[in-house]
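Structures incoming, each one as C-alpha cells.
Look at the two complexes coming up: subunit A is in both, with subunit B in one and subunit C in the other.
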Partner chain A sequence: MDALVSARNLTKLYGLVIGVNDVTLDIPKGVHGLLGPNGAGKSTLMKLITGQLVPTEGELQVLGERPWNNPSLFRRIGFCPEQDAFYSFLSALEFVTVLARMSGLSWSQAQGRAASALERVGATEFMNRKIATYSKGMRQRTKLAQALVHDPELLILDEPLSGLDPVGRREMTDLLNALAKEGKGILVSSHVLHEVQVVTKEFLLIYAGRVLASGNVHEIRALMNRHPHRITLRSPDGRHLAQQLVRDLPIAGIELDEEKGSFSVLTRDPAGFYDGLGRIVLESGLRVTEMVSEDDNLDAVFRYLVARD
Partner chain B sequence: MPIFELGYRSWTGTLRPPAARVWAITKTGIALAFRSKILKRIVFMAWMPLLYFAPLFFGIGYVTDPTRDLEKRGFLVGIAQAFLGETISARLVTDPESVRPVAWSMAYHLYYSGFQAFFTMLVAAIVGPPLISQDVRTKAFLLYFSKPITRVEYLLGKSGTLFFYLFMITLFPGLVLYGISIALSPNLVAFTQTAPMIGKIVASSMIIAVPTTFVVLCFSSLTSDGRYALMGWFSLCLIGETTYHLFWRLLKIREPWVPLFSLRETMRIGIERVLNVQGQISVLGVGKDLQRQLESYSSTCPPELAFGYLAGLFLVGLIVLWHRISAPVRI
Partner chain C sequence: MDAVALLQIRQFFGQKKIFLLVLFLAIPIGLSGLVRAFGDLQGDGLELGMTYFLFFLYSQCVVPLLALLYGTGILNSELEGKTLTYLTTRPIAKWKIVASKYAAISACLLGAVLLSLLVSWILLKASGGARLFLGLAASSIGATLVYTAVFAALGSFFQKRPMIIGIVIGVVEFAISFIPALARRMTVTHFLRSLALRIIRPPHLEEIQPLAELAELGPSIAVVAGVIVLALGVAAWVASTREYVMAEQV
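On to the complex of A and B.
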C-alpha cells in the first residue's frame, strides 16, 4: 500500500455540525500540506487519521490500516496536536519519557530516546525545566519531540509552526525538511500557505469540511492569480496616488473609501504592482502610510476559490 | 581521527508488551501523585494504626497461648476482657486457642471498617480527582490515544494508580500486620488457625478499594476540573454518612436500605461478612455480653444487599468511565 492516507466518502458529524464532509482522497508517500482557514476541518481530519474520532460514514485507511480502535497502528504514527496537551508540572524530558514508555519502549530505553528526540528538536537546553515555564516555541518543540520519540513512519503535525518566532519557524522547517529527506511521511496542517510551502510543494486545500483543491504550490498560486488580488492603501495624497496607479500600473479596478481615507486596488499581477508602486512613490514623492494585502492570508485564497465560478 | 555522527539516530529496538504500557501509565500516576506532601503525610498516618494493632495482636497471641500459665497472663487478660467481652475472655481459661480466630477477626474488622475506611476517603480524594480530569483539561488524552494504547489499557493504568495507593493503606499494612502477628505468635498453630485470614485481608481490601476507585474515577472523568470531582466524592461520602445517621440514630428508621446511604457502613457490612465476625462470636456461646457484641456488628441491611450495592457502584462507575474514555474528544 503506497498511500499514507486513503479516504472514501469520509464524513464526520458532531451532532448537526459537519466536521468533515464526504471526503475522498489519496495522499501518497512524501510530505503534504493540509491547508485551510480556521474551522475548515483540518484538525477533525487529523483526529480521524490518528484514531481520536470514529468516522460517522465512509472509509479511512492510514498506512493501509483503519485507525479507529487500532492502537498497534500508532506504533507507526507520531502525532503532534495543535493544542498544548501537557502535564505542565513535568519537564520536557520527563514528559517525553513517559510518552515513550507508553509507545512501548522499555524503561531503560525511553529516557535515552526522549533525550535524543529532544536534542533533535533543539530542546536540550531547557528539557529539564518545567513545561509551565516554556514559551510557545519550546512547547511546540516538546510536542514534536514526543511525536518523534518512537521513530514513526508517518508524522501527523497539526499546526506545528503556529506561534513560533521567525527563528523558531526556520529551525522547525529545517527539521521537517530533514525528516522528509529521511523518508518519513509527513502530513502538516496550517492556515498560512507560505509557512508550509518551504516544507512541501504538495497541498490539499480544505474548506468547510471538504477537499477544495489539491496539487502543488504553483498550481495553487496560478489558481489564485486568475483572480485579482486586493491591496488596500492609505495615503494623505490618496486621489493623486490612485490616479497615477491607474495610469501606470496593471490594475483591474480601484475602490475609494472616503470615510477611511483609503483605497483598494485590484490587480492580477501583484509582483508587478509592488515593483511599480515603489517606483511611483519614489519618483512622485507621494506618501503611503499604510499598505495591507488581504490576499496574504489564506482566507482570501479560499474566498477566491469558493467564489471562482 | 575517526569522526562519529552525533545526535538523533533511528531506533530499532523491540517494543514492550501491552502490560508494560499499562504499568507506564500507572507508574506515572503514582509518581505524580506522590509529589503531594499531603498525600505522603496521610499515607504515613494511615500506617499509624499499626502501632495500636501490632501490640494488640501480640497481646492476643500472648493470652491465647495455652502453654502459658493464666496467672502469669495477668493484666493482659484484663485488657482482653475489655476488648473481647467477658464470655469470650472466659474461654481463655478453658480453650485459649479457640479465641484466637474470633479475636483476630474482631481486630481486623475494627482496623478496616474503623481506621482504614477513613484514610481511604482521604487518599481517594487526593489521588483520584485529577487522574482523568487532568487529561481532559490539558488535552493529554490526545497524546495518550495517539500512542499504541487501548481504552482498556488506559483505564487499567489510571485505576492502577488509585488501586496502588488504596492498597498501600489497606492491603499492604493488613498483610504486614498479619506477618507481625504470626511472628509474635507462640507457635505455628497460630498460622494454621489463621491462614484463611490472608484471603479475608485481600477481600476486605478489595471491598474498600474497588468501588472507591471506580466511583472516584467516574467523578474525575465527568469534569475537566479536579475540584468538582473532589466535591462529588466528598458529597457522596459526607452527605451519605449524614443521611444515614439522620435516619438510623435520630429518626430510628432501621429499614434495610438505610445503611446504604453510608458508603462506609455499606463497606463495613461487607467486611463484617467476609471476616465472619458474628458467625465466629456465635459459636463461642450465648452470654449477654455476646448478645451486645453481636448487636454491635449486626445491621438491618443484609450483606447480599450491601454487596449488590457496592457491585452496582462499581458497574455504574465503570460504564460511565468507559463511555467517557471511549469518546475522549467528546468530553
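On to the complex of A and C.
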C-alpha cells in the first residue's frame, strides 16, 4: 500500500454533530497540508487517523492498517497534538524520554533519542528545566520532539506553527522541510495557507467535515483568483475614485456604501488591481484613507467551493 | 520500570491532590494523638475498641475517600489535563495503560496509608500488639486495592461527576454494611471487617459481634480479590472501547 492514509466514505458523528462527512481520499507519500478554517473537521480527521476516534461509518487505513485499537501501528506514527497540554512537573527531557520508553525503546535508548530529538527541534538549552516555565514556542518544540523521538514513518502535526513567533516559525518550517527530505510522510494541518505552503505544495481543503478539493498550491491559488476578491476602500473623493477604477482596472463589480463613505470593489485579478490602483492614485492625486482586502484569505474559496457543490 | 507507571508515580507526587492525601492521612493520626492524650488506654476492652476505632478511620473513611480521589481520576485526570492523547497515541493497549496506572496509584496509596496506620498505632501505645497492626494493615491493603479498582471502573464509565456518584455509592455501601444478616454480605466492607477481625481476634469480640456472622478468612480474601479483578476488568474494557476525547477538542 503506497498511500499514507486511505479513507472510503469515512464519516464521524458526535451525536447529531458531523465531524467528518463521507470523506473518500488517498493521501500519497510525501508532505501534505490539511487546510481549513477552525471547526472545519481537521482535528477530527487527525484524531481518526491517530486512532483516538472510531469512525461512525466507512473505512480508514493508515500505512495500510486500521488505526482504531491498533497500538502496534503507533510505532510508525508520530502525533503532535494541537492542544497545549503537558505534564508540567516534568522537564522536556523527562517528558520526551518517558514517551520514547512508551514507544518501545529501552530506558537508555529512550534517553539518548530524547536528547537527540530535543536537540533537533532546538530545545537543548532548556530541556532540563520544568515545562511549567516554558514559553509557547518552547512547548511547541517539545511537542514536536515527542512526535519525532521514535523515528516514525508518518508524522501527523496538528497546527504545529500556531502561536510561534516569526523566528520560531522559520526554524520549525526548516525542520519540517528537513524531515520531508528524509522521506518522512507528513500531514500538517493549518487554517492559514501561507503558513504551510513553505513546507508543502500539496493540500487538502476541508470544510464542514468534507474534503472539498485537493491539489497543489498553484491550483488553490488559481481557485482563489477565479473567485472575486472583495477590496473595500475609503476615500474623501470616493465617487471620482470609483469611476476611475471602473474605467481603467479589471473590476467585476462595485458596491457603494454612502453611509460609511466607502465602496467595495470585486476583482478577479487582485494583483493587477493593486498595481493599477497605485498608479491611478499617483497620477490623479485622489486620496485613499483606508483599504481592506476582506477576501484575501481562504474563507472565500471555502465559501465558493461549498456554494459550487 | 513500566513507563506509564513511572509517569503516574511522578503525577501522584506532582499534583495538588497530594495535599489532600496528607490531610486525610493526618486526621487519624491526630485523632489517635488526642485519644492518647485524653483517653484511657487501659482495660479489658481496649484492644476491641482500638480495632473498631482504627478500622473505621482507615478502612471505612480515609481509604475509600483517597481511593475515590485517585481511582476516579485514573484516566479522567489525564483527559481533563488533555494529556491522555500522549498515552493513547503510543503503542500501548489501553487496558495496559489502566493496569499500569492502577498499580502505580495503589502502590503509592498503600505506602502512605500503611505509614499513617503505623504512626497511629504507635501513638495508641501499640495496643493489641503486632496482631492488631497486622489485621488492620491487611484490611487497609484490601480496602485500598478494592476501592481504587471500583472507583477506577466508576471513573471510566462516568466522565462527568464521577466523584459525586462515587460518594453516593460509598455512603450507600457504608450504610448497608451495618444492616444485619444478608444485606451486609453484599458489601465489600463486610468482608474487609471480617478480614481484620479474623486476624486480630480481639478479646470480648463475641460480646458485640458473633463470629458466625463474620466471613471466614479465605472467602474474605477471595471476595475482595474477585471484586478487584472484576472492577479492573470493567475499567480496562471501558477504556479499550471508549473514545477519550474532550468535547472542546473535536
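Observations on the model:
Here, the second predicted complex is superposed on the first by the 305 of 309 C-alpha atoms of A that agree within 3 Å, B and C clash if a C-alpha of one lies under 4 Å from a C-alpha of the other, contacts with A are read in each partner's own complex, and residues count from 1 in each chain.
Following the convention adopted for this analysis, contacts are C-beta pairs under 8 Å (C-beta built on N, C-alpha and C of every residue); 3 or more make two chains touch, one makes a residue touch a chain.
This structure is a prediction, so every number in the text was calculated from the model and none was measured.
Because the two structures share subunit A, they can be overlaid on it, and in that overlay subunit B clashes with subunit C. Within the superposed three-chain arrangement, the count of touched residues of subunit A is higher for B, of the candidates subunit B and subunit C. Touch criterion met: A:106 reaches subunit B, while subunit C stays clear of it. Shared-chain residue A:285: touches no atom of subunit B or subunit C. Applying the stated contact rule after C-alpha superposition, one finds that A:166 touches neither subunit B nor subunit C. When the shared chain is aligned, no partner comes close enough to touch A:183: not subunit B, not subunit C. Touch criterion met: A:19 reaches subunit C, while subunit B stays clear of it. In the superposed model, A:151 makes contact with subunit B only, not with subunit C.
Touch criterion met: A:116 reaches subunit B, while subunit C stays clear of it.
Of the two partner chains placed by superposition, subunit B and subunit C are both touched by A:71. The residues of subunit A shared by its contacts with subunit B and with subunit C are 47, 50-54, 69, 71-75, 77, 79, 81, 83, 85-87, 89-90, 98-99, 101-104, 146.
Listing the residues of subunit A that touch subunit C in their complex gives 14, 19, 43-44, 47, 50-54, 69, 71-75, 77, 79, 81-83, 85-87, 89-90, 94, 98-99, 101-104, 146. Residue ranges on subunit A touching subunit B, taken from their complex, read 47, 50-54, 69, 71-75, 77-79, 81, 83-90, 98-99, 101-106, 109, 113, 116-117, 119-120, 146-148, 150-151, 156, 182. Only residues 7-11, 13, 15-16, 20-21, 24-25, 28, 32, 35, 134, 138-150, 153, 327-329 of subunit B touch subunit A when the two sit together in their complex.
Against subunit A, the residues of subunit C that register as touching in their complex are 3-4, 6-7, 10-11, 14, 81-83, 85-94, 240, 243-245, 247, 249-250.
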